[in-house]
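Provided herewith is a single structure, encoded as structure tokens, for subsequent inquiry.
Order as written gives the chain letters A, B and C; numbering starts at 1 within each chain.
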Amino acid sequence: MKLTTLLMSATAMTVAGSAIAEEMTIVSWGGAYSNSQLKAYHEPYSEKTGVTIINDDSSAEAVAKLRAMNEAGNVTWDVVDVVAADAIRLCDEGLALEIDADTQLAAAPDGTPASEDFGDLIVSDCFIPQIVYSTTFGYRTDMVPDGVEPPSEICSVFDLETYPGKRALEKRPINNMEWALLCDGVAKEDVYDVLETEEGQDQALAKLDTIKGDVIWWSAGADTPQLLADGEIFMGSTYNGRLFSVIEEQNQPVAIMWDAQVFDLDGWIIPTGLSPEREARALDYIMFATDTQRLADQAKYISYGPARLSSAPLVGTHAELGIEMAPHMPTDPANAANTFLYNYEFWADYRDDIDAKFQAWLAQ
Amino acid sequence: MTTPISRKPLSMVVPTVAVAGAFLGLFVGTANGSGLMGVVIGAALMGALAFALTTLWGNESASRWSVVALLGALGFLLGSIPGLILGLLAGWFFGWFIFWLFEGRYRGHLQPYLTSGQVFWHYAFRVICGAIFVFLITPILVVIPLSFNAQDFFTFTPEMLRFDPAGYSLKHYEDFFTNNEWQRSFQNSLIIAPIATLISVSLGTLAAIGLSQSHVPGKRAIMAMLISPMIVPLIISATGMFFFYSQIGNFLEGTVGMSKNLVGYIKVILAHAVLGVPFVIITVTATLVGFDRSLTRAAANMGADPVTTFFKVQMPLILPGVISGGLFAFITSFDEVVVVLFVGSASQKTLPWQMFTGLREQISPTILAVATILVVISIALLTTIELLRRRSERLRGMSPA
Amino acid sequence: MADTTANGPVLAADGTPLKQSLARSLRRQKMRALMLIAPLLVFVLLSFIFPIASMLFRSVENGIVQDTLPETVAALQQWDEQSGELPDEEVYAAFIRDMIIAVDNKEHTRLGSRLNYEETGMSSMFRRSGRAIGRLDPVEDAPFKEALIDIHDGWGEVGTWQTIKTHAVPLTNGYFLNAVDMQRTVDGAQAQPESKQILITLFGRTLQMSLIITGACILLGYPIAWLLANLRMRTANLLMILVLLPFWTSLLVRTSAWKVMLQQQGVINDTLVWLGLVDDAARLVIINNQIGTIIAMTHILLPFMILPMYSVMQTIPPSYTRAAKSLGATNWTAFWRVYFPQSVPGIGAGSILVFILAIGYYITPEIVGGTKGVFISNRIAYHISSSLNWGLAAALGTILLAAVLILYWAYDRIVGIDNVKLGG
């Protein structure tokens, strides 16, 4: 018991000391991604303003936890990093603050207002885009059969004869349904019209059925890189930054197939229900962290494309490896010949419905 | 107890060794083409060896060394370095096994009246238990070499399998000891888990004793309530408890004026204590079932007050249950990730939380390094406790039980 | 004895009637037991039962439709949802008035998300219409029926209004119906389309797999517990380290370790291929299916079986078995009729622990379970943290809780939670 009181008073004392400085809690994903934000945003911001930034690796639970915080009237987070689909859900639930891009975000160096600089990447009123990432396929170069070209287009995922071996796909309908339809003869522009119908959903599942026996379903972003490194799968979908790390940092015999990569956005939201001072502080941080230079800086540490048009020319070399980052960006013209943009509106509507069907299909 | 041992007839020794040889031969055979040939050769070779060593060559230790050398050489011929290692091990085993059977040592510590069927079952049972222990421990053994992986994956690389030093590195250990996040989460776990355990064990043991009395109104309902933290799916408990603890947190910070960080710890500790309660209740009540109540009455009769009775009579007897309940409670907190994600905030990040992010965001064998360190610490702790126990036994002049 | 009864009540030593004295002592005993239980009970009630109960209450709570659209709901009472015709202008006007307030408070999208669980497409309908409706004036822009259908043609469908009316009750059985693969419709409770039926299958699978895992733990745990309880203390304590080591190792690490062991390029398959027992082209599939889940979870939960068994077996005096044997019992009889019945409380405690823990696990099945080894808790977690359908999650949780409590009660009835009378 004595030890307990001792420990408690010790922790209490250390906190009492630090509580004088201004603090803000920023929520993100953890790992290499948080690290890139620390270097590109947090450290310069702390230096400029003297604000201490506490990093909380809770983005994966952000939606549920923000809702609980909001209901309990005790929001302890100041800025939260979420994917765009979650931002839309949070905005719909009234849990995220609406932002006016032109007045509350920095303009580009040449004076272009933020709303134009971000363009159509502002997919929700509450969402401040930060990076463009893509979900795409990586494959083992040493497992390509002899005398066969390495896979270069999306339908090779469904071609078990030419490219035998297991595949890894994410355990959710999003992206998989689109790829399946695309490879079942549906034109790219019709994909979502088809997917709206029962028959279209059945068609997509039927196409996925043809490879179901050879699929390992992943749910954490780190799964596919591990499976590729083990040689457990021939090809698998994952985030392009993970593949970059497998190929360039870990030197594994893996290559990226960029065809039909699906662009998605990750960015900031500010929770509703903050006190005026904290809200002002959060807005100030957002203004700083999403300006042209800062977004370009982040690409030094991780291979995700900055969300501003004006940042693209400023992307330099990797901070440790020293390689040119631009060709590794999903947005690089050479990689972006055939792309999809995640259809936020469609999935906000159909996610629950199609997910139930998808899970029922999986369990069959 | 010791049973006088005597040499056994070859009619028992040779066939038994031959069967074991056939079993080994099966594996060697399949690895080299034909399982059937392996079985036949293994049986013949081992049977012959047993016969030759026991009857023709009386010198035991020389015989055993020669078996080691012979099988080692065979292994090297068939499978180079790994083959050599396995061959040497097999040689050691067979050398020991032949003489263990032949000299009748296997009967040495068994009751003399056991039939041979009972002796066979005695050892068969131990082999079964051995297999279960292997099942328990193999995943842990797999983790240890992987934590020295030079790559950032959970993969046995070809370099590692060749025992090439380039395939190994200490970088994951370095990461654990130098990375602030890991250090902080480790400290947090060490603060939170013991206090939570203390709370659940003390309250839980008292309640279990209360529950085991003969006349408790509404016993079943109370029991069901107390074990409910274990039944409710964790994710629901986590969300539900979040609401409760954020109100408590507001109260403690606002009205009582405690610091934010301290309140954070209190919240996580209390939440973990509740989760640990069912384990204590279940194990302690199970031990109390066999508790002879006349003992407490006898103690009371001799003038002991309830508190003395509890600590001097009841507690020592139910201690195994209390300890295993406490162990469960400790592990529940030490290994819990869902509730702390909700109830805790960044400054209360525990080890499992850090591991969970690590697994999700970047496969980093640092978590294997942490696991290895914990395994080493717990081996050291448990061994120390055992040594201390033996020492105190010696000091008190007791013979080891 | 007979004398005193004839002359009056039996007296205790202090002169009070014995009956009274006994009753008082019983009362005191009860009080003491309750006093011992009270601190924990209060703690658990306050910090767990109440919060969880209010969380589970969300499975029936459904005030959102009525609170957001009060006038519309009242106006819809007059409308016959079976008529197949659209509601009249009055409902549309009420809806516009409600929506203008809701848009102001930014509540309309919440309602959209809520109704989207029932009828796909509602979410975007409310979000898109919200902006246009916010610009309308409740008086000047009337009539609204045409205008609203212009904004989004979903408002011109009978189904939309049927959904709103069906779900406009403050307490709903809708989530529970969803939880058993049914739905609340305008024609009462109906089965979900077959392509969406999954939850009952998952419930069944969760129960079945948990039973298999519990059985496997009993089979593997009993010999070990027996061995530990019957060996010399020195050896037993050393072997105990082997049981405790996996236990000290994080669940996440152990699950990952099993992945390394079981996958097709994993340790077990590699070893088998190296030994030639399995052909390189036909490696065993022992992960991402039910086998993987059973192996990994049995391993993870085994200590929860062994430790309670061990602590019970330690209290069984070896003299009982010896006495039985000396009275002529065979080994088997002595074990089965004398030793085993005394060890049942340990099996019971262990089984309860393992079974209940198994039912609620979701991290391990998620990692090693593939498509067929997934449990109902995985869905609960999905609905709590991704789809935000907390009502459905609460309904699923309530059903799971009820199932476990029923099993617990049945177990109590058959075996007795703290009093074992099996085989004599």
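By our rule, contacts are C-beta pairs under 8 Å (C-beta built on N, C-alpha and C of every residue); 3 or more make two chains touch, one makes a residue touch a chain.
Since this is a predicted model, take the numbers as computed values, not measurements.
Located most centrally within the structure is C, per distance between chain CA means and the overall CA mean.
When you average the Cα atoms of each chain and compare centres, the chain farthest from chain C turns out to be A.
Chains B-C form the pair joined by the most contacting C-beta pairs. Centroid to centroid, with C-alpha atoms defining each point, chain A and chain B lie 39 Å apart. Averaging Cα coordinates per chain places chain A and chain C 31 Å apart.
Inter-chain spacing, taken between the CA centroids of chain B and chain C, is 28 Å.
Shared interface positions of chain A, defined as residues touching 2 or more other chains, are 60-61, 64, 230. Multi-chain contact residues, meaning those touching two or more other chains, occur in chain B at positions 154-155, 239, 243, 359. Within chain C, contacts with two or more other chains are made by residues 384-385, 390.
Chain contact summary for the complex, chain C toward chain A: residues 106-107, 109-110, 112-113, 116-117, 120-124, 127, 192, 195-198, 201-202, 205, 263-266, 288, 366, 370-372, 374, 379, 382, 384-390. If you check the complex, the residues on chain B that touch chain A are 151-155, 191, 195, 198, 239, 242-243, 246-247, 249-250, 258-262, 265, 341-342, 345-347, 349, 353, 357-364. Contact residues on chain B toward chain C in their complex (touch as defined above): 27, 29-33, 35, 118, 121, 125-126, 128-129, 132-133, 135-140, 142-143, 146, 154-156, 203-204, 206-207, 209-217, 220, 222-237, 239-241, 243-245, 270-271, 273-274, 277, 279, 282-283, 285-291, 317, 320-321, 323-324, 327-328, 331, 335, 337, 351-352, 355-356, 359, 367-368, 370-371, 374-375, 378-379, 382-383, 386, 389-390, 400-401. By the touch criterion given at the top, residues 60-61, 63-64, 67, 89, 91-94, 166, 198, 201-202, 216-217, 219, 230-232, 345, 348-353, 355-357, 359-363 of chain A touch chain C in their complex.
Chain A makes touch with chain B in their complex at residues 4, 7-8, 11-12, 14-16, 19, 25, 29-34, 54-58, 60-61, 64-65, 68-69, 71-74, 76, 220-222, 225-226, 229-230, 245, 249-250.
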